[in-house]
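What follows is a pair of complexes built around chain A, which joins chain B in one and chain C in the other.
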Partner chain A sequence: MKYKNRPSLVMKSIVSLSAVMLVAACSSGDTESTEASGGSGEACAVKVGIASSQTGSLAYIDVPNLEGFEMWAEQVNAAGGVDGKFTIENVVKDTRSDAAQSATVAAELLGQEISFLITPGDADPSIAAGQLAQDAGVPAVSWFGSSPILPLAVGDRMFSNAFGDNAQAKVLADYATDKGFKTAYTLGSPDSAYTNLLPGFFKEAFEANGGTVVGEGQFSMGQASFSVIVDQIKAISPAPDVIMTPAYEPDFPTFIKALRGAGVTSVVLGTDGIDSPTTLALADIAEGVLYTTAGVLKNEGKMATFYTDYNAKYGKDPETIYAVTGYEMGMTLEAAIKSAQSCSAEAIWQAWTNLEGVQGITGPISYKGGDRMAIREIALIEIKNSERTLFGTFAPDPATVPKAQL
Partner chain B sequence: MSRIFLGLIPLGLVQTRTSRRRISTSFWALLIALVGLIGAVSPKSSQLLLTNALTLLIGVLALQIFSGNSGILSFGHVGFVGVSAYTTGILSMTPIVKKTSLSNLPESLQQFSLPFPLAMLAGVFVATLVGVLSGLVISRLRDSATIASVGILIIVHSTLIGAEDFTRGSQTFFGVKRFTTVPVAATVAILALIVARWFRDSKTGIHLRASRDDVIAASSAGVRIQQSQFKAWVLSAAIAGAMGSCYAGLLGAFSPKDFYFTMTLTLLTMLIVGGSGSVAGAVVGVILVMAVIESLRRIGDSIGLFGLTNAGLALIILLTLYLRPKGVMGFHEPEEVAAYQGAAPTVSGEYKIASSLAHDQKVLSATKISKSFSGLRALDNASIYVERGKISGLIGPNGSGKSTMVNCITGVTKADNAEILLDTKLFKREKTWQRARAGLGRTFQNIRLFRELTAVDNVVVACISSGESVKSADKTALNLLNQVGVLQHAYRFAGELSFGDQRRVEIARALALRPSVVLLDEPAAGMNPAESAELLAQFRQIMRDTNVGMLLIDHDVTLIKSACDFLTVLDHGAVIAHGKPDEVLALPEVHAAYLGWGEESSTDEDRT
Partner chain C sequence: MESLISYVVNVISLGGTYALLALGLAVVFSVLGLINFAHGELMTLTGYVLLAGILMGQPFWLAVLIAVIAGGVSAALMEFAAFRPVRNASGATLLMTSFAVSMLLQVIFQNGISPRGQAVPVPAWLTTSISVGVSQISKVQIMSITVGLVALIFLKFFFDRSYWGWAIKAAANDFEIVGLMGIKASRLITFAFLLSGLLAGIAGVLWVVQRGSVDPLMGFKPVLAAFIVAVIGGLGSLTGAVFGGFILSSIEIALQTWLPANVMPYREAITYTIVVLILSVFPNGIFGKRVQEKV
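After this line comes the complex of A and B, so read on.
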């Protein structure tokens, strides 16, 4: 019979795999922590556990963030550590963009006595990992998860390096009001938390400013045609002054082509999901679109040094603003360590909750007085001549931002 | 892979189906229990890892129950996982947590809270309900069932997103108590394992495995395929629901996107690598894939090469498909292989089809059969009769309608008009499996055995159809194989037998239905005259023993002449002669029909 003679190779691979796994398990087992915990001012190492989606659907956020963060850690350690004494020790593990894997990885990292945990740039895996950090009393910060419910769902140890979606909706609403727009149409999708909640936040802020939302459309992500929705918009009379949508690829290009094709000229407001070359490639069609994002990636001003350093380390220009936000995660941690004068998780957490006006590359970053989402500058970009043009940066007051509801 | 198990299993322990099931269930259950014990005392990260692996195992076992036994790949099971995860989450959450995370929940549910184990049962219950509803559709399909299962996944996914008041829509659902510890997951996994292994050797399980190998042969052996498929689908939906509850209690937070294609592919990868055809394959698949993921992830993390895991997974799938297309464990449980290779089949008692009817009595009269295929009249008012203890022959040139005749009688093809009387039963709209169970056995021109089942299990399938319990079917089947002279091959896989032995197993399978009539479709095809003569002697012996009537369809005029008591000749769909073989073959019109043979052989689809 066939199976009598075949198994040798398969068996060999199983045995060798198991052996490899055993070795790997041992090597990644709890190593003696180099950290001398706590005493104020004494030199020690801050062990940072990084549960990052290095592969899979979230890699586009997490990989550049990690690059920025590692570059920061290298620079700090080259200078002898934060304040010359608190060095940074990174332990990176891949979560493969999977929630269960994120929890396992976070538990592994927490088992290594880390003082600070970084979680992926999305709510599900961050909550799964953050719950464990919460139990262990270790501060956890998401790379760039922008859902404002993320910290609320976990507890007081959970933060995000991103501005909340409610904050970016507020910036768009304020822009519309300042321009004198009175009526708006919003287009969202129930298919993802991002596309589902942003229109609601915008509506709340816009109506608080005195505007009126005259229509609320819904699309399903990946739908082939937007003609029905565009017909609905055309039927609104008078036409809305502004159309707000958190749609991104492939929906945003499809939508705006149909919209402009039908002769609707209302201003279109988008969110950070469309901060990609695809949008610029739309050329004339995207002309005049405005959207919010973390910052403009440009080799000038404050970012010039970052460009130089990044080029020196990685041999290429940064491709997305997430590399910058990763570096800023480091700068924020640096401020927290400086203030804590300690390597302990508890002290760093205390310091982190009280951070105010930390000077990042895109602008000041604060956590004090917020809902544990970063209070940071939000850039409003206008597309002019198929180029990103900075319209301005805004850091809305947390008191005026629509409240995230669980 | 099977080989290492073979040495470990004492042969005496695996002689019967029940003892095999017990030893295999105990072995894997002990292994899982051991993992549970180790997990209970290991660090938190290992606990999470093992709990995740055990939770996935429950899902893979669920898939094995349906896909492994039916051969139909399902993409829909993760839908049941999701439905149950949400149900368990909603029901187990305390009212205080619900107030914040599910504020739009109906008041009655707001105040309602169940202990986790009860919430888990409720989750399984709801998954089962969804399984019943979707099963009504899935069980009617065969080739398109996989595509339909994708549809089920998409529908469940959209429903979870749409039911915002209950699920928070696409937003993260959180606040579920993290109840699933290693011992909890291990307990549920052991239960799932017991169910999966039991199902494999249940009546439905055996029938379903027969249909996996050959749909037409299965219905001709009395297998009610739709019903078997439905039962397996619902059972596996329930087990998938158990995975969902464990998953909810493992993570505490999830959203609909977690129960979609990524999880589906993870489960399918594990099942395909391990081998979908066996419960052992499901367990080994989980172990193997988890080992690859975890070892490569650790190596990748330590050297900063993060794509390693995915590359490794891709490689293991390719290697499996290349080296062992049926998975590492193949289609059979290791203890089965051990038993089949070591056991010497013995029989006790003698098998007889009791017959109260006298000889020379018409047992099958198929009359006035007409059938047209888009205008082409394949059968025109044709009739044949079979008597007990006699062999009736049906001959005719290629394209004369012999196959159509057999298909109309067995119900494979629906006749335009027919009066078919078997014993005292009048067939109208009866399905193939109903006609088989009523006593119509058959063999096929191109042998159709269940290739992945043993010779004895091929016969067991039909014994079960005729109402026997699995245990008694095992005995009867051996007796039947003894009777047709292939007892020594009882434990070999049907696909490995010689042509002649396969033919004999097929006859035993037909006899296992306790038939009144057996249709033999070119039984001597490919045999030399000596073998044909031997086969014929065997038919006569069987007929003396069982008193069945036989309908022999063949080209071979010599065989027909020596074998048949009566002969019917078909030409162009109509009966041109009927009577004693010698007389019929002497008729000029029969000669004419056969002389025209060469010119009329173009109608290949109707060839017998």
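After this line comes the complex of A and C, so read on.
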């Protein structure tokens, strides 16, 4: 009877354990909060949540971006951090190229009191993840999602490390006009914001320049064959001077093989999605294809140091420009932290919004006065002898770029 | 007329590939009652082996042969390693196992090879076209049609004339009868996977040659199409698999050819709506068996 009013050994253990955990949680919370805020130039760690598509259809863009970013973080931390006091702590989670999984991963990362969120290199999963960051007041930047609707759909905390698709479409349209091309055919796909909107931006810019779009085709990503589409292009008489498509691998190789196989010789204009060795490996079939991207991936000039460092870390050469843009994401974050002199999400967001002329590897990067897409030069590449050849770099006037609308 | 010729060529070309894929699924379903969703990854594996063969300097025909055999052997190994241990488990367990194998192989391809697609250099003669009347047909399509039809004719003889062909057909009707015929279930199941893998290998080669590249996720769309084809034809029906392949390809190509541009974004939705309409008329597929269960 006397024992009835005494707590059992198990109960005492639970209570004790709970108390210990509560104290531990509180002290841990205190520490993290100090580290995260780290205001007034105090040393602290910037916790970067990285929701990256390490597997799935977007892995081709996110994996090299992460490699570049991690290389930058390692170099910065080896030097004692940004300004010798702000170290970088990466927390990486795989979103599996899925929008729902991107939201789940973003929620997990935001729960770990991150100061900065990196989202996948495409608008759809980035919107899913970015909306949570927006609510939490944490700045979010997409690896290289180039659809300009991305920041519009999310809000003022959402940015992209990429130029806008409207800007790259303008560069392609201007090239076509300068070359004297009068007619164009566009081929898009409703399966993603990237493949869906780019042909429309091109059409708007090309027609504003006086050109005519004589046909608009659509494909499903991953479809078995492009024979029907090629037959439709062949049926256009006279043949279009230029064919513009945002299709990327594995669809672009299939399309251009079918196109050239059918004897269609119109100039083909592509976008940054085809800046990969797969396109170059198409040899004669891809000869003369032009596309817009962030820069020329070549072991020379400013990129030579990047090649050396990348090779030392990963034991191979970078395969795509996305490894460079990932590193540049780090360089831009470095500029924001330097300006903020803080590890807090709010200070980094304010600094990021006002960044201007950050010297990246491919050129200067700005956000000030823009639409939260990176204001950066766009390289127009021509494939010659299975190699990337720079045709020119362009910075289209924002006033003449087609406007993005939700 | 030109558009009709193109239509027929495209339907036969795509339909043959779909039929081979669906037959691969149907053969395994016949003996194990399983839709093997890792079938697409066998195609992908075939693509990588083809690429390796070409990069190692093998003649194209030899690289193709090695790739197809690799598909068959891998399927048999898949059966031994993944499906045999759960053979007597429920259908749901088998299905989950096939999804697990599929995802495992995808991740292995992504991390072991590259998340990026790899261009497969096919001989230059395959990238040109020939004129047929007013139409032009690409040599890849001619190869696709030829290989597809030869494979289907061979399979017809195989199922009609050979011991193992009869056994698989018998299993499709009633698996228990096969046991009464004195055929060991294990051997028959392994053989079915081997045959299924060879079919995935042939379809994989056709797919890769047509598309010009191989990537870790390449198998997803084809296996989904093959599943739909198998359902249209009647799950487990070998004739239905072939028939369903050509039905699906004729729907897809017709919509892509003649659908107005402003409705084109709804093409896949319309395709699946037509499939549902077919199934509402033939609930067990066109060649499927009506299943009645005693209360």
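As a working rule, the second predicted complex is superposed on the first by the 330 of 406 C-alpha atoms of A that agree within 3 Å, B and C clash if a C-alpha of one lies under 4 Å from a C-alpha of the other, contacts with A are read in each partner's own complex, and residues count from 1 in each chain.
In this section, a residue touches a chain if its C-beta (ideal position, glycine included) is under 8 Å from a C-beta of that chain, and two chains touch if they have at least 3 such contacts.
Everything numeric here is computed off the predicted structure, so don't read it as measured data.
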Who does A:190 touch here: chain B (first), chain C (second), both, or neither?
both
**OP:** For A:55, select first, second, both or neither according to whether it touches chain B, chain C, the two together, or no partner.
**Re:** both
- prompt: Which partner does A:390 reach: the first (chain B), the second (chain C), both, or neither?
  reply: neither
**OP:** Using the touch definition from the top, say if A:153 reaches chain B (first), chain C (second), both or neither.
**Re:** first
Task = For A:320, select first, second, both or neither according to whether it touches chain B, chain C, the two together, or no partner.
result = second
Which partner does A:304 contact after superposing on A: first (chain B), second (chain C), both, neither?
neither
| query | In the superposed arrangement, does A:98 touch chain B (first), chain C (second), both or neither? | reply | first
Have a look at where A:262 lands relative to chain B and chain C in the superposition and call it first, second, both or neither. second
Next item on the list: Considering only touches as defined above, state whether A:278 meets chain B (first), chain C (second), both or neither.
Entry: second
Chain A residues contacting chain B in one complex and chain C in the other 54-55, 190
Within their complex, chain C touches chain A through residues 2-3, 6, 9-10, 13-14, 17, 106-107, 110-111, 114-119, 121, 124, 127-129, 136, 138-141, 207, 210-218, 220-222, 225, 253, 256-257, 261, 264-265, 267-268
Touching chain A in the complex, chain B uses residues 1-4, 43-45, 47-49, 52, 55, 100-101, 103, 161-162, 164, 169-172, 174-175, 178, 247, 250-255, 257-258, 262, 288, 291-292, 294-295, 297-302, 304, 306-307, 309-310, 319, 323-324, 328, 330, 337, 341, 493, 496
Residue set of chain A touching chain C in the complex reads 54-57, 59-60, 63, 190, 216-218, 220, 222-225, 227-229, 231-232, 234-235, 249-250, 253-254, 257-258, 260-263, 276-285, 319-320
Given the complex, residues on chain A that touch chain B span 1, 3-4, 6-7, 9-11, 13-14, 17-18, 20-21, 24-25, 27-28, 30, 54-55, 92-94, 96, 98-101, 103-105, 107-108, 110-111, 123-124, 127-128, 131-132, 147, 149-150, 153, 190-193, 195-197, 405-406
